[in-house]
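Please go over the structures that come below.
Same chain, two partners: chain A is paired with chain B first, then with chain C.
Moving on, here comes the complex of A and B:
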C-alpha cells in the first residue's frame, strides 16, 4: 500500500513536471521552428530589405513586406481609435458608477462577445459594416467605395477587441484602493473629479498596458479582417480603399506557397514576424500590469 | 463654478453609461442580424446531411461534415489540453506554492502566450506537419488547436486554484497525504468549477477558431473516420460558402453561422450554470 502510494506519487509528480516544462518550451519551439523555416530567405536578401522594400513578386523571388506591414498597422490603428474611448468609459462606468445588477448582466455580455468566433464577426461585418461603409459612410465624405475597405476592417476589429481590452481595464481599475477615492471625495471633489484624478491619472501604466495588449490582439487577428478588408495592396492611405494586412497574406496564400520556391519561406517569415512583434508587445505590457498589481 | 462641475459630471456619467449600454446593444445586434439573415436557409437538412454532389452550386445537402469535423477537432484538442494543462496548473499551485516569484513569472509568461494570434499557430502547425511528412489531417488540426488552447486552459484553471486558501492545502499535507495526492484529490476537487469553466472556455475557443485549422485540417465533404483523413470545420465551411457568388450558397453560410453561434452560446451559458452548480457544494 505504502509502496503503491509512493510509486503513484512519483509517477504523477513526474507527469506534472513534464507537462509544465512542455508548456513552457512550446513558444521557444514555435519561434525556432518558424525561424528555421524562414531562414532560406535571408541567404540572398537582408532583413532590412525584406521589411522595408515594397516590391512583392513571388515568382521572381522578390519579397518586400512593407505594404503588408503598413496595411496591418493602418487597420490596427483605426480599430484602436474606436476601441479606446468606448473601453475607457465603459470600464469607468462598470467599476465606479454602475449598480450591481448591471454588472451581473454585463459579465455574460462581455464573455459572449469575447467568445464569439472571428468568422461570426466577419459575417456580421459583411452583412452590416460593408454595406454601411459603401452606402453611407463613403458618400458622406464625398468618395465612393466598394465597402471592402480599411475602415470596415477597423470597425469590425474594434468590436472584436473591445471585450478583450475592457476586461483588462476593469481588472486594472479594480486594483485602485477605495481609500484613495474616498480621500478625494472627502476633500470635496465630485465623483467624476475623483475618477479623473485618482482612477485615471493614478493608473496610466495600467491603462496604457491594456490598450497595448488590445493593439497586439488586433494586429494578429486574421479571418474577420480578411473577410472585410478587401485584400489588395493600398499605398494611398485612403481609409475607403482596400488594404492587405500581414495575417491575411499568410492565410490567403497557403495553397500556392509550396509551388513557388522561397514562397514558403517568405510566408513563414511573415508568421515569424507576427510572432515576435506580438510576443514582444505582450511581454512588455504584461510586465507593466504585473508590476502595478504588485504595488 | 459648482454648476460647471455638476454639468461636467452629469455629462461624463451619461457618456459612460451610454458606452456601456451600447455594448449590450451591439451584442444583441450581432446575434439578431445573424439569426434573421440565416433563418430562412436553416432547416434540418443543413444539420443532418453531408454535402451532396453540386452542393456548392446550390444542390442539396448540409454541413454535417463540418459540424462533426469541428466537434472532433475541438474535443480532441480539449482532451490533449486537459492531459497537459491540468497537471501543469496543479503543479503551479502545489509544488511551487512556496516560490511566489517562480509562480508569478510562469503566470506572466502564460499570459503573454495567450495573446499569440492563431494564424501563427496555424503556420507553425503547418511546418510541423511538413516536417513529419503528414498531410492536412484531423490529427494535425487537433495538435495545432491543442497548442493554441493549452495556455488558456492552464491560466483559467490556475486563476481559480490560486484562490483556494492555503489552510486547506496544509491540512491535507498534515493528514499525511503526499503532494500529488493533495493536488489531485483535494485541490482538483475544490477547484472543480474552475476546471469546468476552463474546459468549456478552451472548447469554445477550439471550435470557433478558423485561422489555425485553415492550413492543418484541410477540407473535405466526408465525415472523417481516421485520424489521418482531412476534416472540414464549421468556421471554414462558413468562410468558403460565403465566398461563393451564388446567393443560395451564401444563405447557407449564414445558416451555418447560426449553428456556430448557437453552439458558442450554449457553451457559454452551460459554463455559467455548471460552474454555479458545482461551486455550491464547495467549502468556502
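Moving on, here comes the complex of A and C:
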C-alpha cells in the first residue's frame, strides 16, 4: 500500500513536469520550425531589407514586408482604440454600478460573442460595416471608399475582441474588495472618485494584462479581417483605403503559387514575423505589468 | 408570555438607561433594514453619547456591522438592502433629507475589521481625504499628514518612507495608517468595526490606547466581540441580538447585572 502511494506520487510528479515542459517548448518548436522554413529567403536578401522594404513583387523575387507589418499594426491599433474605452467603462459599470442581476444577464451575452466563429463576424462586416464605411463614414469625412478598408477591419476586429477583454476586465475588477471601496467612500469620495482611485489605479497590472491579451488576439486574427480589409498592398495610412495584414497574406496565398521561387519561404517568413511580433507584444505587456506592480 | 415580558423589560431598560438627548451626537429612530425578506435590523432605537466610546456587542450576524453601515450610508452600495427610519446626526436626518453624502461620510471615519490602505503611498493615503475636501496647499497637507501620523504613533516609524506603498506596512501599522487617514478629514464620529480582530496583542493595545485618547475630540462607536476589550473601553454599551437592541446603558450596570437572559447567556459564553 505504502509503495503504491509513493509510486503514484512519483508518476503524478513526472506528468506534471512533463506537461509543463511540453507547454514551454511548443512555442520554441514553432519558432524554430518557421525560421528554418523561411531561411532560404535570407540567402538573397538581408533581414532589414525584407522587413523595411515596401516593394512586393514575388514574380521578380522582391519580398518587402513593410506594408503587411504596418497593415497589421494599423488594423490592430484601430481596433484597440475602439475596444479599450468601451470595455473599460462597460466593465466598471457592470462590476461597480449595476445590479448583480444585470451581470447574470450579460455573462451569457458576452460568452455568445466570444464563441461566435470569426467567419460570422466577417460576414457581418461585409453586410453591415463595409456599406456603413462606404456610404456614411467616408462621405462624412469628405472622401470616398469602397468600404473594404482598414477602418472596416478595425471595427470588426474591435467587436471580436470585446468579449475577451471585457471578460478579463470584469474578473479583474471583481477582485477589488468591498472594504477598499468603502474606505474610499467613507473618506468623502464620490462613487466615480472611488472607482478612479481605487478600482482603476489599484488594478493597472490587471487592466494592462487584459488589453495585452486583446491586442495579441487582434494582431493574429485572420478570417474576419481578411474578409473586410481589402487585401491590397498599401502603405498610405488612410483608414478608408485597403490594407493587407500579415495573417491575411498567409491565409490567402499559402499552398498556391508554388511555381514562384521563394514564395513559400516568403510566406513562412511572414508567419515567423507574426510569431515574433506577438511575442514582442506579450513581452512588452509583461514588462508594463512588472513595472506597474513595482510602482 | 415570556417573550412579551422580555420585550417589555427591554423597552423599560432602554428608556431608563438611554443617554440624555442633549449629550447625544447621534440618534437612531425606528431603523429597519431588509435584505429581501430577511429583516436584518428591527425597529432599532438608540442614542450615541458625544465624546464617549460606545461599544456594540452581540453575536455574529446580529446586525452590528449593518447598523454601522447605515450610519454612514454605506448601505447605499448594496442595492439589495432596503433601509427605513431616521438617523439624526445633530439635527439632520441623514436618511430622509437630500444630504451631501460624501460630506456626510467625512463626518464619520470608518475603521474596518482588516485595514484597507489605498493602493498609493503612505503619504497619499493620509492626503487622500484632504484632497477630496479641496485642500490644495502642499504645506497644509504636509502638516496634516505629519500631525495625524504622529497622533496614531506612526510618524517615527514611517517618516523616512512616506512615498513607499502603504501595502508594505505591517497589518498593525496599516490599521493605524487607516485611522490617521480617517482623522485627517476631521470626523465627528469614528466607526470602528472590530478594528483589532486581525491584529496582534501589541498592535491591539496601541489602537485601544489611541481610542481612549481620541475621545477628547471624537465620538467612537466600536463593534467588538472581545468582551474584555468592551469592558476596558466602553463608556456606553449596546447589546444587540437578532437585529434588535436588547439592552443598553453603562458598562458597570450591563456587565455586572444584565437584566435579560440573552445578555446573561452572551456574557457567560463570552467569558
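The criterion applied here is as follows: the second predicted complex is superposed on the first by the 252 of 295 C-alpha atoms of A that agree within 3 Å, B and C clash if a C-alpha of one lies under 4 Å from a C-alpha of the other, contacts with A are read in each partner's own complex, and residues count from 1 in each chain.
We adopt the following convention: a contact is a pair of C-beta atoms (placed from the backbone, for glycine too) under 8 Å apart; a residue touches a chain by one contact, two chains touch by 3 or more.
Everything numeric in this text was worked out from a predicted model, so none of it was measured.
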Which partner, chain B or chain C, touches more chain A residues: B
Partner chain(s) touched by A:135 [first = chain B, second = chain C, both, neither]: neither
Touching A:287 in the superposition: chain B (first), chain C (second), both, neither? first
Under the stated touch criterion, which partner chain does A:187 make contact with: chain B (first), chain C (second), both, or neither? second
Contact residues of chain A, present in both the chain B and the chain C interface: 190, 193
For the complex, which residues does chain B have touching chain A? 5-6, 8-9, 12-13, 15-20, 22-24, 26-27, 29-30, 33-34, 37, 83-85, 87-88, 90-92, 95, 104, 106, 108-124, 126-128, 131, 147, 150-151, 154, 178-181, 183-184, 201, 204-205, 207-211, 214-215, 235, 238-239, 242, 253-254, 257, 260-261, 264-265, 267-269, 272
Looking at the complex, which residues from chain A come into contact with chain B? 5-6, 8-9, 12-13, 15-17, 19-20, 22-24, 26-27, 30, 33-34, 37, 85-86, 89-90, 92-94, 97-98, 102, 105-106, 108-113, 115-124, 126-128, 159, 162, 166, 190-193, 213, 216-217, 219-223, 227, 247, 250-251, 254, 267-268, 270-271, 274-275, 278-279, 281-283, 286-287, 290
In the complex with chain A, residue positions of chain C that touch it: 69, 72, 74, 77, 79-80, 102-103, 105-106, 108-110, 112-114, 116, 118-120, 128-129, 132-133, 178, 181-182, 185, 191
Given the complex with chain C, which residues does chain A contribute to the contact? 99-100, 177-190, 193, 197-198, 201-202
